[in-house]
């Protein structure tokens, strides 16, 4: 099983670093635009190595916001809260060739059901299904769930990012009102947007992210305590969506070229899962033209080849 | 020139009345659903007959809300307020084969510009361009403009309809947020929706509507006072849109079969213009499957044939 | 009534000539690409001036192929041959915001019916409805019909253009096979393409084209012999389509800005009709980005303003 | 490792048999429509059991045509013939939410490149890339490749099915001409259609199909001779497409619910691969509304649960 030492991982990071210069940091809000384009950090969390679990390299203290990576985590929570049938009555399971923020398929598909929970419309619908008597409770349960996945570590969100997204995310509002009209979601749209933008702004470093990935790799069990945090079945569903729709419109290509279940976010984070073996957390904010971390995706490609991590 | 007497018009109404039973009253809000399906009323306003201008028949006291008919009127006002260039920088001039509330073309067209001012997205953008320091002032200017077109008659709006639409019109909110994201509109969406739902709820009878139509027929001049209410050029633009996109997705067919510039609303009203001759106001709430008054459209078809009203 | 002398028309042509330099000659086949970009010629055929009917200016001997202009003429013939009901069972009447060669609406509309007879799919379906026991007979009947519209003048087609288009028009083949699968057309596709490419390659000069336009302007009657060549009703239908969909994706804008029923072709020809008054034939091969003759459209805009030719 | 005996497999077949009555046999050509709706047969080919490799149950002598299952096999051949770069220059790697025969994405995507090799457009492009100096040679190489995958067994195609599809497959012709216009394919369309309809009509039983699946399961090696028939990398690519787009518009759902790489055909066949373990061939012609064998898909679902076959 590969990537046993910090040194080994550092070698890979050195190899991909030049790529970062070719990408482009997300610039739709100032807080993201401020990221240092040259940053690359990664961590690998081995589920069977106990205290010695974590291998890491690069600027590992650097925090970043989860953005779309949160879609997988909140999907797990919504499935825990509402069950398979309820969740998939509102959200589909099919990949789409359209952009993650497209409305076209909403309009042309029957029931205006979002095609899957990894596009924005689907993710918004999923967040609306998290249990809670108020938006605030929903938000606290999401944050608490993330903290559980981190073994109880206190974690917060970046208020500046959340506020900034809340103010500018009119496209997501548009998707919500469309779904509200068609009965996919109900309740107050701005309250939902508030929870969603906070969830996207949850902040951590690559070490933390690799630990969450390790829970998925370990079929939902905490790799340290052995406690079941996510049902095995639900963990499996999440990993499947990471393969079919985790890397935006490059998901199919990524499955072919890399074959590791992974979910990326516009901040430059990637959470990747090698089932039964390890979890990977990566941060490198320079994005390719489809919104995936350019150096981050390359790290996974190298690992897949070197350590035979592809699930196919 | 045709349709000279109430008796003549009544004959036509009797002829189309059975059709009303085949249509379906709009039912998306209770206030519209309450309409009497069998109602048919019509008025013809001759621009050159002075005091004797108006011919009418049917239940002519019956009021109805303008709904989409207001799109033509507010377009005229926006053109007066902002000029041709400003308005058409935000809204296109092309008919579309898509439904009036579709988002697809917004997403696929360059600049996310609504294709024309008769679809909802375009009409909302037009309303946002009416001059005024506040939503309330914009709304009062719209109402005042309608009253001018009616020779100063006091006219109001149906608060129940407006409130009801305001609460349920999430699809229009969706369109607005989409356009806001892309810079087509700015400002507060709910305030715009408030003005728009009020404009759609302006209430009048077929006599009133025929008088407004007569202003357009008279190249923008008040047919009684002779005052210029709308620039000739602007009146011409409005009539053109009535031909190319006035009857929802049946506009092309209506141009072929009838050939009279007309704009219909989901309440069952139709405003039709025979240039240089007369204006027509019709109300009959039973709609065909494309949202046009079924008996109303037939009245115009009969008139077009009988009196050679087609502009083609 | 305007444009009485060659001199007057020449003045307009001089005015628009510089525009031609800004356009771009169609280059998808060599025969079209060979056109002289600076060419501008125009003719006006007054329906009530007898022997003195024709006013013209520019390089009026210059021949050009009809291309899409033929769609209107063949629609008239198909309507004569098959009647209103049969033709419009296969082809719709609605304008579309999509490009003239788009397949999207075919796929998303019910019955895969082309939206209107001015887009390629619709025009191909219309050509397939011209009566004839063989493709050759259909083609001879089309050519004969055009000759009738020209008062019996012998006219032919440009074989080089037709052959060249036949070889390269795979997109039209694609449209045909799609329609064949869905029962909109039947029979051999290549035979239909053969007739269609010939019809598009019919060759004439602007004088000829203005005479055909004059037949439409005269409600289907030959302006010289007085014979009925096209039913009044059919002539009216053709003029209506020229308004709603005659100028490709600029039809709506052209209706607003000019208001004259017109059909353009990619060769740079435009046939325009001022109902009850005159027919116009224009040739100038430099096209704007939407495929309309840039100088030709401007000639009509100037005429509309100067002589009040708008039908609105 | 599961499914060790015929008896065990028979139990599963008995369990799903009632489902077949709920589906619908493909009826677009007579030869497919003639299938016996109640048929269910399946075979499992264990890659490591030598002579004793095959477990089977049901009417295993029943032959069926490969239809879309051939897309995976011919993709492997095209990749062998032309290499990764050439193939994926013409065909994409992304799943699509559109139907397998849709043209919309062709029109809206850049370069008119089919989104993936499992939709018809992509599969046609792939077939056009099989090496050969003539269509006939291309076809013989495809057939020979299938025979190699079957350990040299002589295999043929159903001429009645191929002829019937050749005559009626105008939608595929439409896709081809569209791609030809845009340079995705070249050469004669009817010749390509001829090869493609033959490849779809290759006929075998479930035992044969399970053996082909076993080659993929064995990373491209013949499970009996040990010879490399397909490069490991290419076998991996094929399995990945089976996950992301193998089950038509239910691929995402199938990945979630079953998690076994699989490709289905409209004849009712399914080829499924449990990597490193076994290949599965199934035939049951009653289809669900998305075109997948209803009993066949259920067999895989039961196996996935019972034997933990999911790759996720």
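Each chain gets a letter, A, B, C and D, in the order it is written, and its residues are counted from 1.
In the analysis below, a contact is a pair of C-beta atoms (placed from the backbone, for glycine too) under 8 Å apart; a residue touches a chain by one contact, two chains touch by 3 or more.
Going by UniProt, the chains are A, B, C, D = Glutaminase.
Keep in mind the model is a prediction, meaning the values are calculated, not measured.
For this pair, subunit C (Glutaminase) with subunit D (Glutaminase), the centres built from the Cα atoms lie 48 Å apart. One finds 33 Å separating the Cα centroids of subunit A (Glutaminase) and subunit D (Glutaminase). Note on chain placement: the centre of subunit A (Glutaminase) and the centre of subunit C (Glutaminase) lie 55 Å apart, centres being C-alpha means. Subunit C (Glutaminase) has residues 108 in contact with two or more other chains.
If you draw each protein chain as a dot and join the dots that touch, you get one closed loop, with every dot joined to exactly two others. Contacts between chains, counted with the stated touch criterion, involve the pairs A-B, A-D, B-C, C-D. Within the complex, the subunit D (Glutaminase) residues that touch subunit C (Glutaminase) are 102-104, 106-108, 170-171, 173-178, 180-181, 189.
Of all the residues in subunit A (Glutaminase), the ones that touch subunit D (Glutaminase) in their complex are 92-98, 105, 109, 115-116, 236-237, 239-241, 243-245, 249-253, 255-256, 259, 261, 275, 310-312.
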